[in-house]
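Naming follows writing order (A, B and C), and every chain is counted from residue 1.
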Amino acid sequence: MTSTWISRMIIFITLAFLIGPFFIIVAAGLSAGDFLAFPPEGLSLKWYIKVFEVESFRESFALSMFLAVFGTITALFLGVPAAYALSRYNIPYGETIKTVVAAPIIVPGIIVGLALLRYLVVPLNLTITLALFLAHTALVLPYAVRVVSSSLNNLRSDMEEAAVLLGCSRIGAFIRVVLPNIQSGVLAAFILGFVTSFNQVPVSLFLSGPGVRTLPIDMLSYMEITYDPSVAALSALLALMSVIIIFVAEKFLGFSRYV
Amino acid sequence: MSNSFVSLQNVSLAYGKTVAVSNLDLNVRKGELIALLGPSGCGKTTTMRAIAGLMSLHSGSISIDGVDMSRTPANKRGIGLVFQSYALFPHLNAFENVAFGLRIKKFSTPEIATRVGKGLTMVGLSHLAERKPQEMSGGQQQRLSLARSLVMEPKVLLLDEPLSNLDARLRLEMRTELQRVQRDTGITMIFVTHDQSEALALADRIVLMKNGVIEQLGTPDDLYNRPATAFAADFYSVG
Amino acid sequence: MFQNRNEGLALALPAAVFTGLLFLLPVGILLSEPFQVDGQWSIQGYVDFAFKPLNQVVFIRTLKLGFLVAFTSAIIGYACAFCIINLDGKHRGRVFGMVMLPLMISPVARTYAWIVILGRTGIVNDTIIGLGLSDTPIRLLFTETAVFLGLLQLFLPLMIISLVSSMENLPKDAVSAARVLGANWFQVFMRIILPLTKDGLVLGGTLVFTGSLTAYITPAILGGSKVLMLETLLYQRVNVANDFVSAGIIATILILMSFGANILLKRVAGTRS
């Protein structure tokens, strides 16, 4: 049937456009030559190996990991109570609070980074790491609230009321009834926050300094100096990491329900 | 056959690799009310969609009023189809739903008003012309869907399970309605159903299908009193 | 049990205060800076900014690319979404997953591939020279086209997802019914699909448009200083000239546009019956 054939072509071409470049990077990173080229001149893993040997990459990777993990955890500590409050209570200024918490998504990251640098970091003499940590937390918070809210909205509140009537304290009810049921939502929020923070560039742009850089920023500055395939290899590895995380999340959590 | 109005010759239909209908021959006479009857999966709905042009033929040919329509696209066959889900357009009110096909054909505004008015009156819905389909009952929606197809004055009217979604009372009403429309307009009607009593009550002839082939083709009397196969007998056994 | 509103407020407050102090306050100050000239409130900063030709070029270019990317992604998005909707369940899930996948990969990685494709020794140039269409490599990087392609690739998934989601709510058989009533595909699109998927289009369009306006990485890598967009201009002004006034102005423009788009979105979404 011609229409199915056309249909398949359209999807194929679109997917090629969207995902093709990923395969190109993987292949370019496998180049045995010294320059970035596709198709690669000969195959070699040397660039993939080199990625692990560059010290600044190792350090910035560690920093990005730290920010992603602890920033997201902090965001969850702040965000889960907020999501709970917003979905169960009719709090005064509820709409305002919702907007405030969601604001970081609307404001372009680069502005956030600059503002934080000028008016928080410099005046208060904060360390760059702390500044990055605070910024990443603020950035992940809206996602955390949104995902957990969505999870909470699907959970009826009469369960908690039943638990309380059966003798539980409020906190007890929360821990025994609510938390287990929003577990996958919280996990989904963690993964989403992790990926968002890890891949974040604009916010970190102004806040990063020599020696203290997130991985994407490090890659950008490396690219200003040289075009060798190690950036391609690193990009490929990072992409692979994200893909694996999401794949695992989908398999075990049905991740797409919450996003 | 020379008096065949809708003719399917050696038609085979498939979904990918799964064969739905194989080597079907069927001749429907002009003005006839014929039922495609059978259990789900027998190929009756697939056959209906093929007649409408919504499904392409794996092999064989379909002609309507003597014209080969095998490769004609669905929007040029001059056929009406009342879907089981009614498929009414939620963003348009009743009037506009019925007027849809007329507007496509670029009828003049007064002409559209006349035809739509007649169509709505015929199904008893003129007082609801401004309503949106979501604001109507199931029975009203179905009649609206019927009116939408009828105003196009199609050569053939196809109906997919027209009575299945209705309660007993509405079913009786609708049955009478369909028979009346058929008498008044003389349209050739083909309807699909899994309910043998519906087929018995309404149809001039019944096409009993199973697994993509015709088990028996005949009048209600034929099928009820002279079933050709064990399946047919089974299908028509009471209780 | 949830009557004690203050209790709820207490739970939500830490998050709100955190974001407010850490985020809104500094940004607010940044935005107010351009209004202060020599200790006085004035809009002179804005006036000066608006009159510089470079700023005008960058502003128009950013808007232009934003609209182009949104428009192109809408067309491709509708085509793709329609095909996806017609797939059966198993395939649909897989294709949908593949469309969403790029969103989870770092924009640096996604943009970087274009260097390989569009560079002087890249795929496109190799093909062009190989086919004899040109003797020397054409400059494809650091052009508006490169930025356009990069942005399109970045945001197309958002449009597709948005459209698929809204097309799933099309009444079953509505398209078939329209076909049987005589509509050709263009008419089916204009009279049935478009009116009924309006919300998805606006959501997708807003996301793509604001995303393109506020993109940094892609214009930075693919446009460099030859093809400046508002965000890369901002970075340049601060890093090179310590020009915080311009930074504040650009920031305000970007925020206003983002905000405006979001409000438009809420309006349209809210009018859904």
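Rule of thumb we're sticking to: a residue touches a chain if its C-beta (ideal position, glycine included) is under 8 Å from a C-beta of that chain, and two chains touch if they have at least 3 such contacts.
Everything quoted here is computed from the prediction, not taken from an experiment.
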| item | value |
| --- | --- |
| Most centrally placed chain, judged by C-alpha centres | C |
| Chain separated most widely from chain C, comparing mean CA positions | B |
| A-C or B-C, whichever has more C-beta pairs in contact | A-C |
| Averaged-CA centre spacing for the pair chain B and chain A, given as whole angstrom | 53 |
| Centre distance in Å when chain A and chain C are each reduced to the mean of their C-alpha atoms | 18 |
| Geometric centre distance via CA averages, chain C-chain B, whole Å | 47 |
| Touching residues on chain A, where the partner in the complex is chain C | 7-8, 10-11, 14-15, 17-22, 24-25, 28, 35-38, 78-79, 81-82, 84-86, 88-94, 97, 100-101, 103-104, 106-112, 114-116, 118-120, 134-135, 137-138, 141, 145, 157, 160-161, 164, 170, 195, 198-199, 201-202, 205-206, 216, 219-220, 223, 227, 231-232, 235-236, 238-239, 242-243, 245-246, 250, 256 |
| Interfacial residue positions of chain C with respect to chain B in the complex | 171-174, 176-184, 187, 191-192, 195-196 |
| Chain B to chain C touching residues, read off their complex | 52-54, 73-77, 79-81, 83, 85, 87-91, 100-101, 104-105, 148-149, 152 |
| Residue ranges of chain C in contact with chain A within the complex | 1-2, 4-16, 18-20, 22-27, 29-30, 76, 79-80, 83-84, 86-87, 95, 97-102, 104-110, 112-117, 119, 121-123, 153, 156-157, 160, 214, 216-217, 220-221, 231, 234-235, 238, 244, 247, 251, 254-255, 258-259, 262 |
